[in-house]
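In this document, chain identifiers A, B and C correspond to the written order of the chains, with residue numbering beginning at 1 in each.
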Amino acid sequence: MTQLSPTTTTAPAPDRPVERTRTRRGRAGRRPRVLVAVTALFFALLYLPIAVVTLFSFNSQKSLTVFDGFSLRWYRAFVHDDVLISSLGTSLRISLVATAGSVVLGGALALGLVRSRTRLGSLAGLIMLVPLITPEIVTGVASMLLFKGLGVTLSTGTVMLSEITFSLSYVTVILRSRVAALNPEVEEAAMDLGATRWQAVRLVTLPALLPAVLASAVLIFALVFDDFVLAYFTTGVDPQPLSVRIYSAIRFGVQPTINAVGTLMLAGSIGLIALALFIPRLFGRRGGLDILSGS
Amino acid sequence: MDATHAVRLDGVSKRFADSYAVHDLNLDIEAGRFFSLLGPSGCGKTTSLRMIGGFTDPTEGSVLLAGEDVTALPPDKRNVNTVFQSYALFDHLSIADNVAFGLKRKGVQKAEIRRRVGEMLELVQLDGFAARRPRTLSGGQRQRVALARALVNRPAVLLLDEPLAALDLKLRRQMQVELKQIQREVGITFVFVTHDQDEALTMSDRICVMNEGRVEQCGTPEDVYEHPASRFVASFMGTSNLMTGTYRDGTVTLDQGPALPVGPRTAIADGTAVSVSVRPEKVWLSDFEPGMSMQRGVIRETVYSGPTTTYLIELAPGVTLSVLEQNTARARMEDRWSGGETVEFGWRPEHCLVLA
Amino acid sequence: MTPPRHPARSRRRGPDASGARIWTWFMLPGTLWMAAFLIASLALVAVLTVGTTDELGNPRFGFDLAGVRALADPAYTEVLARSLGYALLTCVICLLIAYPVAYTIALYGGRWKHALIAAIVVPFFANYLVRMYGWSVVLSDDGPLLRALRAVGLADEGTKILNTGFGVIAGLVYGFVVFMIIPLYAALERLDVSLIEAGRDLYGGPVRTFLFVTLPATRQGAAAGLVLVFLPAMGDFVSAQLMGGPDQIMIGNLIQDKFFQGQNWPLGSALTMLLMLVLLVGMLGYLRRTRKDEAEARR
């Protein structure tokens, strides 16, 4: 919904040295101390919970308030916990399927939405926005009711279907802005040079979109893996996705193993999201936060 | 069917929503010519070009290439190629692969492709750039790649949509000359869309001036410039001193100001309201010839711009003419007029054009 | 010899039209998918609002207004009012926190600003549950925050954050403040510094410049942020569960309860529709606001 385009990093333009020195120093002169202090405090509070979880995942004791010494016992406990490990596998399967499904469907949809000027197009464009303005709990309730209403037993499969639905709109919104930014003349040029419409898409448009497609795939993988609301409403009893297990665990008293799992999940998703931001740069395109702007 | 016509537009119209982008356009473009569609933005020139290329469907009428009706054919089935305004290069392919794209689609043999791509890159002076990516090239170089990519297919007609618009002035001038040379060398019909009248005048064999979806005038550059058929053409092509008045008996009496002799016109009835146009460079300020239409006015402004000096001369209250004088080797500083002086000036009667 | 005219050409499909059809095929699978899974399921929620449940917990369709009527129960209206209050307070607090942070990064971040904003955004998109869990540990009675506050004398032994309304709001703020920072940062980034300089020139003081130049220029970013925070905050149930007690439950907790423990699906559906209604009103208010702003900008 929000545009983040100004935050994208473009290659530094080799122009106007005056401008550059000014940017370095800050755009409006000296930094007011109060603002800097507030920002610093914000960063501290932002990272404190993450730091606490990480720190205590290495605690040798069960306590969440006293750090007794470094140990890997909770990681070992996690590795030997068959339930959690099988949940991890379930989550990975769900993420893979949801990513593949939503990127294929959403990519095609984004192309169609931008290029087609039919009424179906504008209707589909509106439908795409619905999940983004609906709280996940509503989507979760609705999905569960749909499956129950159809007499489908909740399982890993139903989680996959709901996750595709939610991710689909996400992928579409991200890729749609990328497709819109493509120069339509490039596709016309391919057709001008003898490519059919389909060949033009395959030989020219898809390669141009590849970085954005890869980036959104990585991002969706992370988001689906982390998601728990939809999974919570649509999962069966066994096996359950990892995030649902964590939810149950932290609701009913703290188990230090969760610190270890949580640390691993945070590290994994932070790594993936950072990778998603970085992918376009590998292709020499502008990379940046605008991939997240569909939220 | 006249096969020397490379392109023929027959009663072509394009309607968007409820307005016409192009209205009942009839065009014949002879083979081997450098043909320009000239007009302000929104005049329908690009739409016309896109209909020839197959990117836009005409609402009415047909498009013929070498006598064959191609109205219903998609772009890939037409023997034309386009140089796009944005160049539309394929960023993920090397320069050589960009140029080879069309030949690969046609299934030309590999060795043949390599030979023709090499030749073409040489023609546009980009040999040595084959392995580079489009992003690493300058605007002028990218423009050449776009040209090479289109020409390598040896199309019957090459369509160029304001290909020089993105270049700076100096480079544009240089490319104008080069483009014209290349056109002569390959002998392919060029259909060139531009809003820059200088560009059209310097490069074209024929120019069609368009306005609001209609053709105003077609002809050689000299025709269009020297004998504009309408007020619009006169004002769009270069600078014109346009004045309004009433025609009677071989003279036009200006609404405000003197009567100007224009010679008898059989096509115009006495009492018709007309416009007259005199080009600034057709006005003489000295060394008058017998038979000239002589006027008197007050210099209001002197604008020196290097090779020329422009005078704004008030002919009558509210009627100011722009007059251009060459600053040739013989012209001297002290001979230049300054503001407030009353001067005599004149023009040959045939240079005072009557526009209905 | 002129070729024959075809005045009725317009009916014939040219290359353009056939090209347009291919895009419809591109759209079709995704659109059908969304229609089947999203629109149909939301419609089902609406239908079940007036339905019943059989003894196995499966939805039954019918026309029974019991679920809708139950909404008038003061127990539920109280929760709705509390949820609204929490969500709105969360919005205000997020705005108060996000503005200085976004301002500092956008205007004084220099070459580090992309890195700084990424450092905020990236962890926010990482696992929500684990972050909230960590936050609840930080806010706990023995947690680092209260211990620090006690050490400097800002809190005493009895001070609690968890199991209070303040704790729930703290959770919501921590969960969603990034949605305020992103649009504000974007607006401030776009802001032309020369505007601020001109403001200093015309108005003099930095406070007046901020009030008359910076703030109006970022109003739309703030409005977008308010909506982006309000939507998830209103529907959240994790924060109330982890940071609040039984007296701090929100509408999300009620919905969860009706579907999982209470097994009263019609009432759950009715609550869900009520939640959607509140959000819809918020969205429409926002859209009207931005339309008005855009209309003014055009004038």
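Assume a contact is a pair of C-beta atoms (placed from the backbone, for glycine too) under 8 Å apart; a residue touches a chain by one contact, two chains touch by 3 or more.
The UniProt protein names, listed by chain, are A, C = ABC transporter permease; B = Spermidine/putrescine import ATP-binding protein PotA.
Small disclaimer: the values here were computed from a predicted structure and weren't measured.
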Higher-contact pair (C-beta pairs counted), A-C versus A-B: A-C
Chain whose average C-alpha position is farthest from chain C (ABC transporter permease)'s own: B
Geometric centre distance via CA averages, chain C (ABC transporter permease)-chain B, whole Å: 55
Mean-CA-position distance for chain C (ABC transporter permease) and chain A (ABC transporter permease) (Å): 16
Chain centre separation in whole Å, for chain B relative to chain A (ABC transporter permease) (CA means): 52
Chain B: positions in contact with at least two other chains: 54-55, 74-75
Junction residues of chain C (ABC transporter permease) - those touching two or more other chains: 18-19
Shared-contact residues (touching 2 or more other chains) in chain A (ABC transporter permease): 197
Complex contact set, residues of chain A (ABC transporter permease) against chain C (ABC transporter permease): 1-7, 9, 23-28, 31, 34-36, 38-39, 42-43, 45-50, 52-53, 56, 64-65, 105-106, 108-109, 111-113, 115-118, 120-121, 123-124, 127-128, 130-131, 133-139, 141-146, 148-149, 151, 161-162, 164-165, 168-169, 172, 197-198, 219, 222-223, 226, 228, 233, 243, 246-247, 250-251, 254, 258, 262, 265-266, 269-270, 273-274, 277, 288-289, 292-293, 295
Touching residues on chain A (ABC transporter permease), where the partner in the complex is chain B: 183, 185-186, 188-197, 199, 203-204, 207-208, 210, 284
Partner chain A (ABC transporter permease), residues of chain C (ABC transporter permease) touching it in the complex: 18-20, 22-31, 33-35, 37-42, 44-45, 48, 58-59, 97, 100-101, 103-111, 114, 117-123, 125-131, 133-138, 140, 142-145, 174, 179, 182-183, 185-186, 189-190, 193, 196-197, 221, 224-225, 227-228, 231-232, 234-238, 241-242, 252, 255-256, 259, 265, 268-269, 272, 275-276, 279, 283
Chain B to chain A (ABC transporter permease) touching residues, read off their complex: 53-55, 74-76, 80-82, 84-86, 88-92, 101-102, 105-106, 135, 149-150, 153
